[in-house]
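Multiple structures follow.
Note that subunit A is present in both complexes that follow, paired respectively with subunit B and with subunit C.
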Partner chain A sequence: MAVKAVGRPRPKGGGAVPFAALFWRLPWLRSLLLLTPPLAWFVVIYFASLVLLLVTAFWTTDPFTTQVVQVWNTSNFERILNEPVYHDIVGRTVLLAVLVTLTDAALAFPFAYYMARVASRRVQTLLFAAVLLPLWASYLARVYAWILILNHSGLLNWSLQSIGLPPANIGYTNVAMWVVFSYIWLPFMIIPTYAALERVPESLLEASADLGARRWRTIRDIVLPLALPGVVAGSIFTFSLTLGDYITPVLVGGAGSTFIGNVVFSNIGIANNIPFAAALSTIPVAIMAVYLFIAQRLGAFEAL
Partner chain B sequence: MEGLWTRWLLRTWVVLILLFLFIPILLIFLYAFNTSNIQSWPIPGLTLKWFSSTFDDADVRTSLSLSLQVGLIATALALVLGSFAAFAIHRMTWFGREVVSLMFILPLALPGIITGISLKAFFSFDGVPLSLLTIVVGHTTFCIVVVYNNVLARLRRTQGSLIEAAMDLGANGFQVFRDITLPLISTSVVAGAMLAFALSFDEVIVTTFTAGAQNTLPLWIFGAIRLGQRLPEVNVVVSFVILVTIIPVVIAARLTGGGGAARVPAAR
Partner chain C sequence: MKFGAVVAVAMVTGLLATACGSSNTSTGSKHRVPPTASMKPLDKVGAGEGLLNLIAWEGYVDDSWKKSFEQTTGCQVHAQYAGSSDEMVSLMQNGGGGQWDMVSASGDADLRLIYGGDVKPMNEKLISDWQNFQTYFKNPQYNTIDGVHYGISLQWGPNVLLYNTNKFKIAPTSWSAVYDNSNKGLVTAYDYPITIADAALYLSKSQPSLGIKDPYELTKKQFDATVALLMQQRQLIKKYWPSASEEISMFQNGDAFIGAAWPYQTIQLKAAGAPVADTIPSEGATGWGDTWMLATKAPHPNCAYLWTQYVSTAKVQAEQALFFGETPVNTKACGEMEALQAGSCAQYHASEPGSYIDTIHFWKTPETTCADGSENCIPYDQWVSAWTTIKG
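Here is the complex of A and B:
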């Protein structure tokens, strides 16, 4: 709670005393002084950038000089709507984001369930650390590891051959992207799911058992609904991070693996068409806005 | 309530997931000692030769030095701005509080590519040349959130009664801050700084938009992997980056009892 400094003048306090007294009389002044520098940073740099991005999306570039022409028009959006190639790219990005989210939810749930409801206190702590470490271990390193595993002479094919199976050449395909994204974002799904499962009161499970529900019935009717906000909270990360990624498609994807982010980036670099890139980048923002709205309805924000 | 069978199934699942999570990371460390310069499995033998050649590589050293500079400056800025924001929000009672706190979290909620391209559009519009400074601006923006989250979480858990007691005993505002508040929050500030540095040291998406001709270490790695060049050195550098990002996180987790590192950094 807001406890204001009571500025009782004391000779030893030095120069701080008048300020303390001033803050005591005007408590909002302290908040204002503290808030100004970070707020200024966000408003002047970050918000100005976001607003500019939105405005830039309605500008165009001169095809000859590649200079930005600051004339309000919707040609960038028309181009995205009319050219089927962009529909494919948006569709592919969203589809893969959904697939990765579902995969991670399926992988994470039993793991989080074990952590929250079966493991001893000590094992719980160890597992928590074991999930946090890969989460923080370099993103690029973890993508790169999969290049080593999935390539033609990598660990995967070696393992398959050593048990007498034919090699699986999934390196540089959309399947590789699916595996790598699911791998990279898995900890983001485990942590909120675990947190939600841990909050399920034991008494509810006992009540359910007392009323004659079998184990699976209890899981389906009690545990799953109560854990859902946690899973949805995790899905915000897995979905949003996949949607906005373009590094993984470059590194482990193939010819047909272009994501929204890749088109955005190539329009920044080679084509130097910032207005078009800006228009494209509003798509993930719009998708995320809808997603966050649904997630909020499902109670995911309380589980974050 | 779980039967013996369910327990065993769950246990097997947990082991499989742990293998899935850790085999790739352990594999990278192993490849760093690979005698061959061809990245295939199984590796023919172990050697230390790539460590010295990587350290002698001028490009790697330049990128490392840039990454360290960016990380340290961005962390320092984020430390000041993030703590200020946390203190202000903690004391605020008016309605704008929710809006402002949502604002500080936005760089985490939006995909990194949005932060990247909007900063790029901003710099290009203002005619700011891309440099160390623009990289720092990008990193600071998402590092602020990490410090802010950690300090705010600690302030919420801090008992107001301690501060009231100090004031009843005649301490002035400065003394309360120095003797009570600061010791109570110091570990969360340090933890926030550690996480901010780890985040900055590994960041690649926003950096690709805000860096000019210069390479941070992740940009060097990204370029080398994409071109398939100098992969033995990539193995060494990547192992090094894993260690550099994990060590501060372990320290941060110890300081905050695990909570700090779990407040998920989605600013990628």
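Here is the complex of A and C:
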């Protein structure tokens, strides 16, 4: 027995729990057993479903019974490439995701800066609660609240009219979607930006001041570059969440507000054309892959 | 790459052709024979199996009538609510069958279920109230093929023209109101591919030269004209309504003033005091007819028949009609409706003669095969992609 030769003491109760001794002798076996379930879950459920998605995208359906026909072809992708309506939908989805991300970054940065570097401990706690509180309420309830604000006889038009301004009919338009998305995903931008800003060492700011840099110069040359990974990390959330959403366009959007997600949903729910839906959903996957590659280059993963 | 697509299309067409080849029966019907057509339905209803699994529209299996069914038959009812016809088709097709006994499918799902082999023939003789059904609903073409019943009709309703009476002092008499440029920003429509049939119905009267006979059987030329009309209509529409409750709030908040609706919305809006009314314009209207269909692999067929018998009785028909805002197919239900809510029989058109029902074009799945047997009609999957194009 090699174990005895090295002179290690036998673990107590080793006889009662036969595996314990085995694990003690072979530490790699323990890690293997511990890691197998999560790894298996990752590979089988997470990764395999993505592969299946990709494979399904190359199948087609019987037009009448809507059953999947497993014939390898690229007609789904050809349809997306050739029909202008899908260019519009993809373009609209990406454009709105970019707009929402920029808006949230612009709103979140001063807010997070105040939270991280100016506010007292007490105010900081209060602000944290204020940022996170909306996440406790249902997503749907918050979207419906915005419908009540933006619709024709809603709070916005009522306020405008009571101070003598003409109504702003932005209910059920892409502008309404932009406002609602920016509101809903704002906390996901504030938190990583705050985390990055809080990590900026005080000494660097002092050194910058000592060398004669004014406030704005310090922010531009010291704070912004150091906080950028946090903003990019936040943008991964705001961008991908907008890109994949399909509920807000249905509820808040108007006649020309279809998103990629809506077409995917209608092809699964209405047409039962799962291969075409799969082909469409590879588009956000591809866009996110490119986005994450750039984000990784900008150091966002260290800030997460 | 194109070659692959061509091969796929050729194979699918080949499959369809083989299916069609075996279908021309002695009656001269050009319809394909559904895969379950030869399955013999039950001769008599035996004892219940103690369990019944249903896919239903929300509100179709309400406790107020489910409870007494469970007590008398001992069949425990489990209902899975579906949000759309197509969700029902997916539920029935995915998972191999065998989980579900029945589905309360609407006409636009029925043929897909029948030709998909997901439902099987039912014996109408076992449903005693079937004799009391409105003639049309005994053998509607969306659930009966070559005299074989793939389900028992349940309830129906028209897609009416709902309008705000403050904006439209005079009741509109034509569907042209929802295509009229002067109503820009006031119009809404149901966010669903079957809405194409509403436009086709209007064109069948306003442009007779197109020769549209059935709004669900459109040739390429007719279909393109209909889609063009809807593309034009999109400019007038602020928002398509995705669900009944959305349309109700749009009419309440001044975001819509006219558009197609179900009687349910009118009832709810009127109850809330909104200035609305509805009408069936001169062109007629589309409508839906729901059917309880029996799954091919139904594990509890006796309970399924007991349930169908139960929901076909005048009393349950009336309860469900008032609960959901629709019209019973059982003509005897009128008296029960009056007893529950005076005036409701006329309000829901439950006492209308057959000639009224003839003005309603009931939802059915658009197929490649037209009524004349030619293969020139535009099938449903193209309706779905056209709908995406229309909405943009």
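Simple rule for what comes next: the second predicted complex is superposed on the first by the 283 of 304 C-alpha atoms of A that agree within 3 Å, B and C clash if a C-alpha of one lies under 4 Å from a C-alpha of the other, contacts with A are read in each partner's own complex, and residues count from 1 in each chain.
One rule holds for everything that comes next: a contact is a pair of C-beta atoms (placed from the backbone, for glycine too) under 8 Å apart; a residue touches a chain by one contact, two chains touch by 3 or more.
This one's a predicted model, so the numbers in the text were calculated from it and none came from an experiment.
> Is A:Thr74 in contact with subunit B, with subunit C, with both, or with neither (first, second, both, neither)?
The answer is second: A:Thr74 touches subunit C but not subunit B.
> Should A:Gly154 be classified as contacting the first partner (subunit B), the second (subunit C), both, or neither?
Both partners, subunit B and subunit C.
> Now for A:Gly256: first (subunit B), second (subunit C), both, or neither, which partner does it touch?
The second partner, subunit C, only.
> In the superposed arrangement, does A:Ile268 touch subunit B (first), subunit C (second), both or neither?
After superposing on A, A:Ile268 lies in contact with both subunit B and subunit C.
> Of the partners subunit B and subunit C, which touch A:Leu102 in the superposed model: first, second, both, neither?
Neither partner.
> Report the partner of subunit A that touches more of its residues: subunit B or subunit C.
Comparing touch counts on subunit A for subunit B and subunit C gives B.
> Would you sort A:Ala137 into first (subunit B), second (subunit C), both or neither based on which partner it touches?
After superposing on A, A:Ala137 lies in contact with subunit B but is clear of subunit C.
> Output check: A:Leu34 vs subunit B and subunit C. Expected answer is one of first, second, both, neither. What do you get?
A:Leu34: touches subunit B, not subunit C.
> Going by the contact rule set out at the top, does A:Asp245 touch subunit B (first), subunit C (second), both, or neither?
After superposing on A, A:Asp245 lies in contact with subunit B but is clear of subunit C.
> In the superposed arrangement, what residues of subunit A touch both subunit B and subunit C?
After superposing on chain A, subunit A residues 147, 151, 153-154, 250-251, 268 contact both subunit B and subunit C.
> In the complex formed with subunit C, which residues of subunit A make contact?
Going through subunit A, the ones touching subunit C are 60-67, 69, 71-75, 78-79, 83, 85, 88-89, 147, 151-154, 171-172, 250-251, 253-256, 258, 263, 266-273.
> Residues of subunit B touching subunit A in their complex?
Touch list, subunit B to subunit A: 1-3, 6-7, 9-11, 13-14, 17-18, 20-25, 27-28, 31, 38-42, 80-82, 84-85, 87-93, 100, 103-104, 106-107, 109-115, 117-122, 124-125, 137, 140-141, 144, 148, 160, 163-164, 167, 170, 172-176, 198, 202, 204-205, 208-209, 218, 221-222, 225-226, 234, 238-239, 241-242, 245-246, 249, 253, 258, 261-262, 264-266, 268.
> Which stretch or stretches of subunit A touch subunit B in the complex?
By the definition above, subunit A touches subunit B via 1-3, 5-10, 13-14, 16-17, 19-20, 23-24, 27, 30-32, 34-35, 37-39, 41-42, 45-50, 52-53, 56, 68, 107, 110-111, 113-115, 117-118, 125, 127-149, 151, 153-155, 158, 183, 186-188, 191, 205, 209, 215, 218, 237, 240-241, 243-247, 250-251, 261, 264-265, 268, 274, 277-278, 281, 284-285, 288, 292.
> Can you tell me which positions in subunit C touch subunit A when the two form their complex?
1-2, 4-5, 7-9, 11-12, 15-16, 83-84, 86-87, 89-90, 93, 112, 115-117, 191-193, 234, 237-240, 242, 246, 249-250, 253-255, 367-368, 379-382, 384-385, 387-389, 391-392
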